[in-house]
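The two complexes that follow have subunit A in common; it is paired with subunit B in the first and with subunit C in the second.
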Partner chain A sequence: MLKSNTKLLQLSVTLAACAFLFVPTLQSVLAGVTANYFRGVSSGLTLKWVGQVWELYAGSIFLSIQIALACLAATLIIGVPAAYALARNPGRMSRVLEEFISLPLAVPGLALALALLQLYGTNHGFRTHWSFILVGHVLYTLPFMVRSVMSVLAAIDLKTLEEGAASLGASPQRRFFDIVVPNALPGILAGALTVVTLSIGEFNLTWMLHTPHLKTLPVGLADSYASMRLEVASAYTLVFFVMIVPLLLAMQWASARAQRITQ
Partner chain B sequence: MTLTLRNIAKTFAGGTRALLPTDLEINKGEIVSLLGPSGCGKSTLLRIIAGLETADPGAAIHFDGEDVTAQPVESRKVGMVFQSYALFPNMSVRGNIAYGLKMQKLPKSEIKARVDEVVTLCQLEKYVSQPIASLSGGQRQRVALARAFAPRPRLLLLDEPLSALDAALRTQLRDELAQLLRNFGITAIFVTHDQNEAMAIADRVAVMSHGKVAQIGTPEALYRNPDTAFVARFVGDAQPLVGRIEGNMLYLQGGKLPLSRAAEGHQAFVRAEDIRLEPRGPLCAKVEAVTFLGAHYRIALTGAAKETLFALYGGLNAPSPGDTVRLAIAPQSILTLPVDKEVA
Partner chain C sequence: MFRPIVVCLGILDMTQRQFLLLCFLPLAIFTLAFLALPLARLILASSESEAGWAIYLKILQTPRYLSTLLQTVLVSVAVTFAALAISTTAGLFLVRNTFPGRSVLLSILTLPLAFPGVVVGFMIILLGGRQGLVNQLLPGHWVFAYSVLGLFLGYLYFSIPRVLLTVMAAAEKIDPALEEAALTLGAPSYRITLDVLLPALASALIAAGAIAFATAMGAFGTAFTLATKIDVLPMVIYTEFTLSANIAMASALSVVLGLVTWALLLIARSFSGTTVAAGG
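The block that comes next holds the complex of A and B.
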């Protein structure tokens, strides 16, 4: 009896917490498709506001996708070999390097952005180019890729597998692409989805780095909240959800898959 | 292929000497086993031959007269079977076996033909398209062997290939492996810590201890004529007969035994199978314990020598604990060996 009471209590607390998060979200999403928010849903449902968001902010959406994909490419090219090098040479030096790579996680995005502005702010061409935001995103997301790949590599006997390939005549490059990458794939996939999701959703660093002509999805969101009517801002939230929720779900799935390997 | 090793030594960072300067010659088509306890340097020697470790300066490794000392593992054309097999989990059985052939950039049709040939030889037909994860230990071992052999290496190196298997399977696969290696007709070096494995598989056995080869010879030679106490103990479990040697007489606690030669200053050893229970034997002993092992009894005896001796008894009426028995040991069965500093 006591046990079922405890369970009931746990369930209700969980449901209450979910409702606390879910109800405002649902309300906001609903506002985005309501003809007139102040008159309520009875005023009718419409996609007009979503259309308006698209007209006004399509550029932001595409810029975000572009930055996220470029960020993914950069973290793959830098992160996978880095994770491999760290996993292959465990020791104090590797741990220090790993912590160093992870530093941008501990430093607030604003501080990171300020540092970038101080360093490159005077270089006008770079400052106003989308790759300036990309640099910030790469710094911020790289540790996620490195750690995700490293945890999978740490779980397999990489050294012996490579020795096996070497004894069969494989050069170091062949070993990397034939053995290391395919066996690290679950970690790479989990890392890739995390990087894309974080890049698309990143706000505080991007907000510091953006220019009026370079607005990403979340910066556009803030912009619409500040200057548009409530329905348009809410429709924007809806658009944002539609983009980010599938990514989040895929990320969950990929992480669970990578975790199974490391166990 | 003939393998010649000259002055092979290995000092690890930190100064540990894993291998003292070693010379070794292995003939074409010969199967040699490196046998020894863990930490004796046998795996290090194998890895140096493979090219997975570099020897200390001054070493020379020749494959058929060609100096390969400076070559990395990928250019040495050696086949390697690892203790953990190191099969690629991202490839099927066929993919694993074909990998070395792909590295040689052979045409597809030839790769297929050669894989099929090795698959038949190793009886893996049923498993070719299976993933590695679905195979049993014995099947993995055969895939590892097939993968190492498919590229037609000059030399096959096996690092404890049976130790990952359970005991029952190990004996069966040991004989199977010996047969396959003979069929391959390849020069092979086989590292093991199990003397039965070494004796069953190898033409010659190199017994290693403390970073050097203590003795190399055929299994029979090592068993019958060990050079050192270590080899006598490690190959065939010789037991020390601690006593006093005067001329060709060995004086023990339980009596005296004639030796086949004068061996003063030496140590005497005997194997359990060479101690006979005989009513008129010269040694007196007390039966401490009797263990029935099926084919024979194993009898623990005290009072004959300083330490407990074990004898094998094949008769029907084994003595009981507490009995007093008399023992005989033929003079030629008593091994007299120089005192081993490391053991003593």
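The block that comes next holds the complex of A and C.
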């Protein structure tokens, strides 16, 4: 009796938490395709608001995709070789370095943005270029790429594999591209999906770094929440969900797959 | 696809050591230019008012900053405990039971991981704003999105998934035989929870709590969207910087906030290996 009561309590807490997280999500999806939200769904379903969002904010959606892809390229170029070097040099220095590049996970984006603004804000050309936002995104996502690749590399016997290749005459760079990268692929994939997902949703840094001509998707969202009618704001959120939810699911799948390798 | 790069690099005849240094190079340049130097600038900037380094003392002496600090800590503590209670209950339930629809529930509970703080703020407006669900369903005037309750619920919204994942990862490692042993010895279920499950989960709970607390302390997007009347630290930093142009104070408060959240996440990591993105 007591056991089933506990189960019932656990189940209700779980369901209540699900409702708390899911009901507003559903509301925003519904409100985004409802003709008049205040009158309810009975006022009819429409794609008018989504069309309006496209007219107003298509630029912000493309800018976000552009920054996310550039961010992915940058984290691949910076993060994958660095993860390899960190994995091959396990020691105190590597741990300190890893800890340092992970700072952007712990320090709030607002503080990082203030730091970047004070050092580079007076450089007008850089300040008003989209690469200024990109720098913030790379800063924030880089530790995820490095850690994701490192955890996969730590699980394989890199040293033996490389020694084998070296004894056959493979140069260090040849070993990196023919042995390290193929073996690290599950980690690179999980890292890449994490980087793109986080970049598309990043707000805290971006809000400080953006200029009126450079609005990313989340910045546009904040803008629409403050100044647009509820239906438009909801339709814009719906567009965001359509982009982010498949990415999140793919990211969770890839991370679980990479984790199975490390165990 | 890597062939051209290999050929290019092949012209240089490198030793393993040189190649490893080359691998570090992009990271070193990027980190120095966009992390180390900006952070050094931020710390220096905090001393560039008339008060100098005493500005950190001034934070504690100015009632407005002090009450902000206190409110931020109080809201974050409340969110942390609420998220721990809800997520531990749900997490244990989801780990211990298999039933149809379980993966759907799990997906719903982890979905908000990818939501930026602004979107979370909007979710709370949809629940408790002027046109919100609660105000439409219940008679009378029920608008709580812009109060301390709205802020609390917003922070809870993005904390539940983070805590849940940490707790579930730890709960999956608990040997079910321990519970069965306790059960055969006649322990009631609350004793099993208190004496078997919670001690086994302790380090995960501390880690998850530190993550939730640090995320709540630094959350900006949610408070920004709710345009809340409650002064929380990130909002005060934002207004000091943009409206009052009080750069030194904004920098000093950022340094304090950064140190607090960094120290907390360091504690979290020493208790469990997980990394969960801050944000909100």
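In this text, the second predicted complex is superposed on the first by the 258 of 263 C-alpha atoms of A that agree within 3 Å, B and C clash if a C-alpha of one lies under 4 Å from a C-alpha of the other, contacts with A are read in each partner's own complex, and residues count from 1 in each chain.
The rule is simple: a contact is a pair of C-beta atoms (placed from the backbone, for glycine too) under 8 Å apart; a residue touches a chain by one contact, two chains touch by 3 or more.
Please read these numbers as outputs of a predicted model, since none were measured by experiment.
When both complexes are superposed on subunit A, subunit B and subunit C sit side by side without a clash. By the touch criterion defined above, A:95 lies against neither subunit B nor subunit C after alignment on the C-alpha atoms of chain A. Looking at the shared chain after the overlay, A:240 reaches subunit C, while subunit B stays out of its contact range.
By the touch criterion defined above, A:174 reaches both subunit B and subunit C. In the superposition on chain A, contact is made by A:164 with subunit B only, not with subunit C.
Put simply, more of the residues of subunit A are touched by C, taking subunit B and subunit C as the two choices. Once the two complexes are overlaid on the shared chain, A:156 sits against subunit B while remaining clear of subunit C. In the superposed model, A:183 lies in contact with subunit B only, and not with subunit C. Of all Cα pairs linking subunit B with subunit C in the superposition, the shortest spans 8 Å. In the superposition on chain A, the residues of subunit A touched by subunit B in one structure and by subunit C in the other are 166, 171, 174, 178. Put simply, subunit B touches subunit A in their complex at residues 50, 52, 72-75, 77-80, 82, 84, 86-90, 99-100, 103-104, 147-148, 151. If you check the complex, the residues on subunit A that touch subunit C are 2-3, 6-7, 9-11, 13-15, 17-18, 20-25, 27-28, 31, 37-38, 77-79, 81-82, 84-85, 88-89, 97, 100-112, 114-116, 118-120, 135, 138-139, 142-144, 146-147, 166, 171-174, 176-178, 181, 197-198, 201-204, 207-208, 218, 221-222, 225-226, 230, 233-234, 237, 240, 244-245, 247-249, 251-252. Against subunit B, in their complex, subunit A makes its touches with residues 156-157, 160-161, 163-171, 174, 178-179, 182-183, 185. On the subunit C side of its complex with subunit A, the touching residues are 2, 5-6, 9-10, 13-16, 18-24, 26-27, 30-31, 34-39, 41-42, 45, 86-87, 89-90, 92-94, 97, 105, 107-119, 121-127, 131, 133, 153, 156-157, 160-161, 188-190, 193, 214, 217-221, 224-225, 227, 234, 237-238, 241, 247, 250-251, 254-255, 257-258, 261-262, 264-266, 275, 277-280.
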